[in-house]
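Once you scroll down, you'll see the structures, which are given as structure tokens.
Shared between the two complexes below is subunit A, which has subunit B as its partner in the first and subunit C in the second.
Moving on to the complex of A and B:
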């Protein structure tokens, strides 16, 4: 397929996708758990805006609905649940990392770049967005894995998962914009259930170990 | 038949709703009734599904899905019965009322999600149902309120969710592949995707299949994404462990099978079979090695699950009709065997107050009924004749040899034998080595013995003479899986 001509639509959408990736790197190095939640909110706002841009630019009216649900869930509900959870715990700085910030970001750059360039081989075509945005989505997914792996506290790991979901949402905007709204909403509802369960388990973890750190989770081995 | 489909996805919800009603006997009665009813309903589907798919709205039952429904329905019923006795042990808990409520409501919801998953007509709905099984079961793993339970639940929910994130990516990629044939907006239902077959673009389907094997494979317990599995299985309450191992892993494997069907239709058999063979062999190898060294009884059974999921993947990779029929039979026999083994192990763990294989001794003296039953369950699980797993593994190996896949078939036999050594050595030590003098027998109530007896009888039937309608169903399922239908 011939790449979309570099017009304002392509430029704007690619810029929004890249902004999501930049925010993802922000999460990687954020020290305060609250800051991490805020960055997640920012990332969710960007993806909702992107959905609206695609809805207008490529006339896919279902995406307006998706944007509304996305804002309600990711910009309002998830942060409320997470911040409420943080209020109950001591104002904690994110737990230790498995490696220093510099090495972590470097690793994320390598992993993200791998995803970015590998995705060119997928042979996927997008009806609505420049293919570069798919590469960015794959990079976001992979960097989310880095976030989940190198941070050793339950909140960062949960946020890593939610950011992973944002990356997948971006990928779905790129290659599956026509996915019926009902299914999109069902996916989001599922995310909501997952968030509640994450919150319950974070609370259980906090009650059991009086900390948000996962460094002590070493009892079960072999 | 449509009414049966609807009943299967609504009755467990009713069971969950009734479980939160006041009155301490309502929840067990409701759960057992609904569990047994659901199992009976899955059997009602057998003759119809052996003829062709039954569809209603977004529900669809073909022969493959009914096989998984029967396995789940069976364990649902058995776990419900076992739970009546199991909860009596928990009566001394200060929070018993809350525990019992959450337990029964959770068990019903868990079964609901699993029964729904195999009835969903479409890869997107299937993903949603599998995700719901994760979140419900993660809460159940943490139910005992122990530190280890919290650790297991956290690892489980994080790894499984991340895996399902990858599986969601697979769903989106396959959607994108299908859109090139089916138009930009469709609902990922199975039949049109399979019909699109070789018109689907190759690379995206390959990508989607690998992502699905890794993503759903996290929940199946395939190497190297199995690490949550022994933790969750060992820390969950025993009836939940049985359902996790016997049904949940199978339901996740069902999702892999659906992607296999699409991939085989689009790419031919070679690629998807090779992928499954690699994951299956590595899982079987890892499990066999861990089984030899394992000292925790419930983890022992958990690794045995990894072993059996590996066997399922290998069976599909052989691809011969007899091997595919063996895979479907294996799903049923594994559900019965693993359920019985976990139920028996739960009794042993309670009687000795420990999961440590080294601290359980003289089992036959202390538990004159449950211990021999546990022994039979473990023998069945190790694929000893005349039990069902022997027949299914025999079919799988025969399929491998028929397809001239000699090396994988021989490797599978060797690794299964190694796993047998691990399981049987641990079991013989627990049951036959003399322990402290027995002061009192510790047999549990009949509620906890009956499911094991039923499970072993079911394994005997599956091994000696599977009923004709079931054979027809499995034959049809193997044909669907092989792309013949």
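Moving on to the complex of A and C:
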């Protein structure tokens, strides 16, 4: 018996969503902080493309607006801020991982698979995107958590948080693509607030400890 | 004019045996051109093999019979696999149903196991190092191949290579489905590892501590070394065929036993292999070799892609 392929729309959208997950794994593996920022840009580009594909394929014109906003914010503004912050710091070749790359990837695969199968039990059916993309979105969110936990430097943690927001945006595309544009934009402004907070956090931390690593924070006592 | 099926099957083996060194020559040539060098002739690997086949044989003192048997066994394995996979035809040849894709994998693995045993028996530290490294990393690439086979089996409902190739050609949707793209990417990374190309090691580099493939053959000489070299070139072409004719681009295969169709299939196979070789040459020139301990990361990435492929299929979205 030959497994029927998903239609070309479903196949393409799932492939884009899975590509986001693959990029997320790339962030986990990337050693250089700049490389992480670049991967975040790639992920944001992919989700903007996905929004455009949904807008065209399912005739939801609001999503064009969302795509424009997310390109402006996630592809241009956020990376600019992050790279600017990184320019002031010493080029630290991060040794910030708490475990080896292979075991980190295996852990993330297990956590991601848990997300996959857990969300498959929801039985949600979306009018605009195949259900598998919701599973991918949940996996992206969980892998971002892994990224934030196993990397011990402030920049990775910020990037992990932003990537987590990408996962949430993907989930919102699945369950509520028809959401009023205003709400989606409010969502994006939440991200803007997070960027400001993280930027302040990174600068303060760097000024106080002369390093981006959070490993030294365990020594702070009363 | 139609050809008898056994002849076509013999032709599959012959083509792989005859064209394999040439593909290596093309890759070396393209690579040299991209680096601004003139590079060796495309036919250079044939001259090298010819020279080695004519030389005398020396064996290290105390080496057992396995040392001399291994190159022959390995070569036999590489001559057997083309019987099982669609090299030229889109339909199964008489012996094509003898084994599935796992059988092909086992035969390939057995060949490299024999070479490793021979290397271990020589007492030379370099050969032993190469053999133990090859087996260490192979232990991580095996699960990747398994997951790719699972994907193939879930997609086509069988693990016969011919059936998979047929499924891919049925519609464009079979090609762009995420599971297919992911498993193809994973398989490509495994092929880079198995053919000893750049991120993993420099092909034919003999002056590095990172060498794996070349080190294993350190103690072999003359015709036996030629068999090993020829065998690894054949293994490369076999993996190219599996990648191209089963997973990525099973187009241009002969649909019947006509002479014209078979000749066109040969040309298509060579063209596709040269194209893939060109891609590999570009990768060779644009990346740096990974540190030995980074190879696990490379393989872990391939494993991740293969696992994602199975998971997306399982959820019905792939």
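Assume the second predicted complex is superposed on the first by the 212 of 222 C-alpha atoms of A that agree within 3 Å, B and C clash if a C-alpha of one lies under 4 Å from a C-alpha of the other, contacts with A are read in each partner's own complex, and residues count from 1 in each chain.
FYI, a residue touches a chain if its C-beta (ideal position, glycine included) is under 8 Å from a C-beta of that chain, and two chains touch if they have at least 3 such contacts.
Every value quoted in this text rests on a predicted model; they were computed, and no experiment measured them.
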item: Subunit A as common anchor, with subunit B and subunit C clashing or fitting; value: fit
item: Contacts of A:127 with subunit B and subunit C, given as first, second, both or neither; value: first
item: Vertex subunit A angle, Cα centres of subunit C and subunit B, expressed to the nearest 10 degrees; value: 150
item: Partner chain(s) touched by A:105 [first = subunit B, second = subunit C, both, neither]; value: second
item: Touching partner for A:187 - first (subunit B), second (subunit C), both, neither; value: first
item: Broader residue contact with subunit A after superposition on the shared chain, subunit B or subunit C; value: B
item: First (subunit B), second (subunit C), both or neither touched by A:135; value: second
item: Partner chain in contact with A:213 - subunit B first, subunit C second, else both or neither; value: neither
item: Which of subunit B and subunit C A:172 touches, first, second, both or neither; value: first
item: Subunit B versus subunit C as contact partner of A:7, first or second or both or neither; value: second
item: Subunit B versus subunit C - smallest C-alpha distance in the overlay, whole Å; value: 18
item: Touch list for subunit B against partner subunit A, complex; value: 124-125, 127-128, 131-132, 134-135, 138-139, 142, 145-148, 150-155, 157-158, 161-162, 165, 168-169, 172-173, 175-176, 179-180, 183-188, 201-204, 207, 230-231, 234-235, 290, 293-296, 299
item: Residue ranges of subunit C touching subunit A (in the complex, touch as defined); value: 154-157, 167, 170-174, 176-178, 181-182, 296-297, 299-301, 303-305, 307-308, 311-313, 315-318
item: Residues on subunit A engaged by subunit B in the complex (per definition of touch); value: 121-125, 127, 141, 144-145, 148, 154, 157-158, 161, 164-165, 168, 171-172, 175-180, 183, 186-187, 190, 193-194, 196-198, 200-201, 204-205, 207-209, 214, 217, 219-220, 222
item: Residue ranges of subunit A touching subunit C (in the complex, touch as defined); value: 1-3, 5-8, 10-12, 14-15, 18, 21-22, 25, 29, 101-102, 105-106, 108-109, 112-113, 116, 120, 130-133, 135-136
